[in-house]
Amino acid sequence: MNLEDIASGPLVLINFKTYLEATGKLAVELSRKIAEVGRKSGIKVGVAPQFCDISHVAAQEDVLVFSQHVDAIEPGAFTGHILAESLKAAGASGVLLNHSERMIRLNEVQRAVNRSRELGLLTVICAGNADLAAAASLMKPDMVAIEPPELIGSGRAVSKEKPEVIENSVRKIRAVNNSVRILCGAGISTGEDVYAALKLGAQGILVASGVIKAPNPAQVVADFCEAARRFDESS
Amino acid sequence: MNLEDIASGPLVLINFKTYLEATGKLAVELSRKIAEVGRKSGIKVGVAPQFCDISHVAAQEDVLVFSQHVDAIEPGAFTGHILAESLKAAGASGVLLNHSERMIRLNEVQRAVNRSRELGLLTVICAGNADLAAAASLMKPDMVAIEPPELIGSGRAVSKEKPEVIENSVRKIRAVNNSVRILCGAGISTGEDVYAALKLGAQGILVASGVIKAPNPAQVVADFCEAARRFDESS
Amino acid sequence: MNLEDIASGPLVLINFKTYLEATGKLAVELSRKIAEVGRKSGIKVGVAPQFCDISHVAAQEDVLVFSQHVDAIEPGAFTGHILAESLKAAGASGVLLNHSERMIRLNEVQRAVNRSRELGLLTVICAGNADLAAAASLMKPDMVAIEPPELIGSGRAVSKEKPEVIENSVRKIRAVNNSVRILCGAGISTGEDVYAALKLGAQGILVASGVIKAPNPAQVVADFCEAARRFDESS
Amino acid sequence: MNLEDIASGPLVLINFKTYLEATGKLAVELSRKIAEVGRKSGIKVGVAPQFCDISHVAAQEDVLVFSQHVDAIEPGAFTGHILAESLKAAGASGVLLNHSERMIRLNEVQRAVNRSRELGLLTVICAGNADLAAAASLMKPDMVAIEPPELIGSGRAVSKEKPEVIENSVRKIRAVNNSVRILCGAGISTGEDVYAALKLGAQGILVASGVIKAPNPAQVVADFCEAARRFDESS
């Protein structure tokens, strides 16, 4: 998938976290199915597996692979850190930054975005509310993802429970950055949630347990993609 | 390599850190050469590549693969963390913990050792001096590695510059733990350094820049293994 | 109170945390009452107020004042850190280290103990279980405090709910350190809890909500001191 | 000093860090002299002493007292943390946040600003460059302080060495926040440096070693205030 492609059409991005259901071979298998759903639907899909799984997942076609984190470091003596060059070599196309489960300092966000850009890695900065999302947008990432922490993993979708969070975020982000793409996350579990998010001004969604913990993850992604396609055609 | 093997004979363990010379394909290539040196010399060798490279490095025979870190977590919602199950699935045999460039809290050391043991991963806790090494030994890891931080990357070997640190550490560790294997590191760059370390009571060495930054890393490892073999035969 | 005094007789140490009931003037008032209880009972009492309150609390006689934390730093450019010299100048007699709500890295524990000793500050390292307490004891603090994190603030006393934790800790600590004094904490709320702790081999207790959140904190401390006196006389 | 006062005229804010020259009684003595200089010059001065010294320093008139940090917490079980209520009770008028020696996560910056505002504490967010300063401004603090980390403690003033950093910062901050006051820091050591900073659009300066490590700190502050007064009259 060409990186420029993300500039058109919604993105469905699935964070594998450290769920056992999405670790090792299961990560590769799940990515294969998600890629297939994406291919069929024509909607761009991405996955964020654990570091050890990136290279095998990236061997799949038609799926963007994001790292769940990158450290704001140069190559060198940094035992146990995540080096952007290593992610690139493994086949990652992008990185998540500042997820609510892996938050980093403001200046590290900036340096990690800059290091990623140097290597041609897409960046998604996560933020818990509208002001944080606007601040994140000033770091010039490719995308920001708005995820109210209290809804993460709740099954109550931000796009339905707190539509004003998304509307406010879109407004505040656009006041300072016209080009950053806006994802929304937290609690997304149905195609309706996805449709609502896109209607509120998001260009994609970030989801984890809503897919990984579902009885049939590929079916859930298919529902998401179908909703995204429906929105795309209507707009 | 059988994990029980580490109980007999010295171990030469090479930390790849986030050096560009040991990232991606270069990590695999370097591991291949190191494995070959180990095979020829009959000395056990191990490598600690970056997370993304573990699975490809672990495809090599005759080399133990260590992760540079593991988080003290269970599977679940921990975006951007290092899960023991993920390391195991990628083929790691063990983990480094508390390296001076990735230090963790005392209780995290304990939990990370316990989680690793549950999964059959060998543990090496790094410590900067004798008392810390003794405290680390109470966490019941398989190995402790003594590395005075001021000598790391210095080219001045702990076994020559501060032999008393190793002697003290061996004495203090043995006062509280009879079975843990003791590695020593920091500044090791020649076979003589390795021989001196083993003579002082270490059962192996932990090294990084002394190998990775050398003009001919495989030759350095061969010198280390030769010194280790010589010591082994003389003892 | 002379620092050598802590070597004889049990210590009742009360952590004020950041409870509003023990902030500012309320901290000074509470300390005055606790000092009075200690004076009357003949039992040594200590308090650990917030940093801003140390100097005013330390103006009380007959109460040892502990800081809730100290950073492992020398004087210099460390904005927002806790310098041992500053605690000493404010009148503190000692410091808590590695409380479960403010855990630090293993090497920082050691350096903070050493820095405190340089300045004549008593040290209490907190630890959540027997092995951690033994490891902490190797850092040569004046005291260790065993507090199973799951019982902190629970109202269920470690000395009653998990007596084996204290017994194990005493045994494991004494195997490596004969002179460190052992406090126990977590869930202590009655004189009986205190008596039980001392009977199990502790030389004092560390308590917070059991006192601060009680309707009559001074009365609770009086009950603790009475139980400690009773134990002291019987032994 | 009335808090509204900071809205008019430049502010000279002096960070005491954990310098021994500004610890305990020396902190109080230095603050007294600084207050006197401020009073004579008619320029607003502020100091940021260590936590333990806040209450005694705040007993001085005519000097604003800032804490060097505050944690993003509510009152409760947070041993070793800095509670806004405690700072307020000690007499602080404001807080520094995210100093380069005590950086915090983006969401903590926001919550710490909000907690401080609830209690009527002024907020100064430190930032190392123009984009970070603009992002910080979106958190709606009372002030932002631009301090390129490479110049901190260097004796080379940002206002002379990197005037473009201040100009860019002012421009980028004003694009998103019209009312936040802008301080500049790093390397300031002469009245000329102060004048240059104000001329570039700053409303005050943040300084540490340039004052604390000077042979005659009060004289340096007097020079700063004189330069500020001169600028104020000319504008």
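By written order: A, B, C and D. Residues from 1 in each chain.
Assume contacts are C-beta pairs under 8 Å (C-beta built on N, C-alpha and C of every residue); 3 or more make two chains touch, one makes a residue touch a chain.
These figures come from a predicted structure and were not determined experimentally.
Two chain pairs, A-D and C-D, are weighed by contacting C-beta pairs, with C-D ahead. Counting every residue number used by either copy at the subunit B-subunit C contact, over half are found in both chains. Centroids built from CA atoms put subunit C at 46 Å from subunit A. Averaged Cα coordinates give subunit C a centre that lies 35 Å from the centre of subunit D. Residue positions of subunit A touching 2 or more other chains, listed in rising order: 100.
Interfaces, counted as pairs of touching chains, are A-B, A-D, B-C, C-D. On subunit D, the positions that touch subunit A within their shared complex are 98, 100, 103-107, 109-110, 127-129, 131-132, 134-136, 138-140, 172, 175-176. By the touch criterion given at the top, residues 15, 17-20, 23-25, 48, 50-56, 68-69, 73, 75-83, 85-87, 89-90, 96, 99-102, 152-153, 208-209 of subunit A touch subunit B in their complex.
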